[in-house]
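Each structure below appears as structure tokens.
Two complexes, one shared chain (chain A), two partners (chain B, chain C).
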Partner chain A sequence: MELDLFVRYGPALLHGFGVTVLCWIAGSIGGLVLGFAIACLYHWSGKWMRWALQVYIDAVRGSPFMIQLFILYYGGPYFGLTLDPVPAGILGFIVYGSPYFAEIFRSGFQSFPKGQLEAARSVGINEWAITRRIVLPQMLVSITAPLTNFIIILTKETAILSVVTVPELLSETQTMAAETFTYVEPFLALSLFYWFMVEFTSWLGKRVEARVTRHLKRA
Partner chain B sequence: MTAGSAPANRKAGPAAMHFSFQVIFHNLPFLIDAAKWTIAISAVGMMIGMVLGVLVCAARISGPAWLRWAAGLYISFFRGVPLLVQLLLFYYMLPYVGLNLPAMVAAFTSMGMCSTAYVAEILRGSLQAIPRGQAEAAEALGIAPVALWRRILIPQALRIGLPSLVNELILLVKVSSLASVVGIGEITRVAENITGETFRPLEIYLAAAVIYLVINAILAQAGRAGERRLGIG
Partner chain C sequence: MAKAKADAIITIEGLGKRYGDFQALTDITMEVRRSEVVCVIGPSGSGKSTLLRCLNFLEVYDPGEVRMDGELIGWEEGSANPRKPLSGAKLRDQRKNIGMVFQQFNLWPHFSALQNVAEALIQVKKLPVKEAHALARAALEKVNLGDRTDSYPSGLSGGQQQRVAIARAIAMEPRVMLFDEPTSALDPELVGEVLNVMKELASEGMTMVVVTHEMGFAAHVADRVAFLDEGRLVCCVPPKEIFAREPADSRVRAFLQTYRERNVV
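Up next is the complex of A and B:
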């Protein structure tokens, strides 16, 4: 394994890593926000709106992320949406992640008995206190694990952005491999790197989970 | 293979161009024909996953310590590395071990080895959901281990794990689109080729998405029918 290769291409790889992290974080936050909006809309709207949201959720969850990216990036100009690769990748991530996040939030809304809210109102606890003391703690407990799980899955999905020429870690590695005619070592190193990244984020996720559920352990 | 395979006319797309159903109808036969590769890749991937998944699961729960550790490492690696990277790794590594059919073999291997890790975890979860007392009771009654697995543990584990296994199969259908990157003529690859000829990415990719949706809807329905048959859901 030629180490000087990685030194020579170090800046490019580092830049690619930056783009990967940017797409991952921006896409996760955007997906969380859009998913939360969809879940709220679903919670408070009528039959037709729910049907339309369900179609959106099923369509996005039933088709490959790659095809969605192609529609957005190559099809976009045909309906007046011409984006550069990185914004297109982030937007693709937001669209792709939103239905999964929406489903997680929806299950969160249903995770505690409705009677608790009625009881809290009838003993005169105000709405803010109900949200902060009763709804959120219970909702957080039930949604933290699936949320962190999906955000970890998104770490891996960043690799797919390379197909629409987003200059992230995988495409920088492919460039390096093509220019230097060395294929096995770079991809092996890349696998190990992603592996490390995913294990690290899942460790972080476990920490967050432990923090959110700590009141359950203290009792 | 990288960016180059994409049609280069992005900027040329006039926003006023109307949506053409004709393009879709003309090219639909090619896309549907390509679906057989999508189905083949995901089916083979799932079969490999089921067979090896049982073995890895068995190693993970009842092997000696080093085997359990190795199975855990396997699961962690194949669930932690993006499938696209695994695919490229296999694609470039297979010629080194003397296999000269890189694209197809790489696609089958990476899909199979990746689904193995997921199936193993699904089975482990389902086995753990069966109360321990059942196995102990069976042992106390003198039921042989083979009968214990065949009559008691596996039927229940399959019932518990079926929804997740169907989910995994649907996931495989979706990720089989990655095989287009190494040049296999499944739906996504054929859609790319047609787009290169017709310069109609919007219509063609939407049509491709609909085909994936139809395949997955059928699988989901079949899964539900299977659940009903097994008396769950």
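Up next is the complex of A and C:
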């Protein structure tokens, strides 16, 4: 193993990792927010709005992330949407993740006990405050695990951003491999980076879970 | 209990409710007077809970009218064919004056007892947190739970949870309190503590509508007892007429017979 390779390519790899983490975090947070908004809209609105949202959900879930990125990045300019690779990658991530997040939130809304909602309505609390103060904190108990799971899946989907020339971890690794004719070292390093992100996410998920289940432990 | 004959606070007129093909309530007309305790009894499926839930529009009734202090509940005044429901904000304004206690307590399990009671004071009455907590503490003391303010619902017995739920409702200082079988989900030895709190509320002049299977409570605390059967109001009379040796109506007689057999009344 030639470890001095890492000295030479270390900065490039770290930069790639930074770009990966940026796209992943911004994309995940954006996807979470958009997904939650879709789920709320779905929860509160009537037949037609639900139908429209379902079309969006099905369309995004029904196509591969890579195709979506191609359409956004190479097809975008035809619709007047010209983006640099990184913003395109982040936007692509947000769109791609949102329906999955929305479905997780929707399952949380659907399984919420109706009696608690009636109690809140009977004292005159408004729907948004009910969602924010009563539904969401409890819903997190059951949806933190699937949310964590999906965010873990997203860590690895970042590799696909390389197809629209985002200088992320995989493309930097490929450059390194191509220039040095080594394969074991670069891809070993690559796996370690992903592994780190996955471990971090699952640690964070456990922290959130511990926090939202506090009240379930008997005093 | 001798109460001055007061004016009506709730008037129900021609009230109906239908679920698909099932007629849950038919042409209910009655009133509840200020500071009165009205118990609603009847066989299961007779529409008692539905009637109660129409009073704060948790059930969307149609046709008919429910009025509190003259104000039409749930529907836009004067609208017809089809009637227009009130906006969310207006409905919430009406509901904050109508307290409700549920069979299953329906506390918010991620909040402590104190937070459960304070939440609506903060969110609806917009009180500062400190003031809301002081009022919530006072309400909990009133239901004899001054020492359990920091407990979560999972750490409280059923009777204690139901008392927190009562505190949550009375903290809003409602004009009327609705009770939907408040003791039906409780172990027998916990029923008393909840009924005692309700008796105390009644003695302070709170207007109460109570759907219950506790015939003792109906007999001794209610000013009038409404008997429902198959969605119709059979009668709404002082308890001594219902619990007389031979009630006038055969349906009331048949219903009470099952209790008599168990020596409840």
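Heads up, the rule we're going with is that the second predicted complex is superposed on the first by the 199 of 219 C-alpha atoms of A that agree within 3 Å, B and C clash if a C-alpha of one lies under 4 Å from a C-alpha of the other, contacts with A are read in each partner's own complex, and residues count from 1 in each chain.
Basically, a contact is a pair of C-beta atoms (placed from the backbone, for glycine too) under 8 Å apart; a residue touches a chain by one contact, two chains touch by 3 or more.
Computed from a predicted structure; not experimentally measured.
Q: Looking at the overlay, does A:Gln138 come into contact with chain B only (first), chain C only (second), both, or neither?
A: second
Q: Based on the superposed arrangement, let me know which partner A:Gly46 touches: chain B (first), chain C (second), both, or neither?
A: In the superposition, A:Gly46 contacts neither chain B nor chain C.
Q: After lining up the shared chain so the two structures overlap, which partner does A:Gly124 touch, if you call chain B first and chain C second: first, second, both or neither?
A: The answer is second: A:Gly124 touches chain C but not chain B.
Q: Comparing chain B against chain C, which has contacts with more of the residues in chain A?
A: Of the two chains, more chain A residues are contacted by B.
Q: Just to be sure I read the superposition right, which of the two partners does A:Leu216 touch: chain B = first, chain C = second, or both, or neither?
A: Touch partner of A:Leu216: chain C, not chain B.
Q: Looking at the overlay, what does A:Gly115 touch: chain B (first), chain C (second), both, or neither?
A: A:Gly115: touches chain C, not chain B.
Q: By the touch definition above, which chain A residues appear in both interfaces, chain B in one complex and chain C in the other?
A: none
Q: Using the touch rule from the top, collect the residues of chain B that touch chain A in their complex.
A: Spelled out, the residues of chain B in touch with chain A are 1-3, 6-7, 10-11, 13-15, 17, 19, 76-77, 79-86, 88-89, 92-93, 96, 170, 174-178, 180-181, 188, 191-192, 195, 201-202, 205-206, 208-209, 212-213, 216-217.
Q: Can you name the residues of chain A that touch chain C in the complex?
A: Where chain A meets chain C, its residues are 113, 115-116, 118-127, 129, 133-134, 137-138, 212, 215-216, 218-219.
Q: Can you list the chain C residues touching chain A in their complex?
A: On the chain C side, the touching residues are 56, 58, 88-89, 92-93, 95-96, 98-100, 102, 104, 106-111, 119-120, 123-124, 150-152, 154-155, 165, 168-169, 172.
Q: Can you list the residues on chain A that touch chain B in the complex?
A: Per the touch definition, chain A meets chain B at residues 58-59, 62-68, 70-71, 73-75, 77-80, 82, 156-160, 162-165, 170-171, 174-175, 177-178, 183-184, 187-188, 190-191, 194-195, 198-199.
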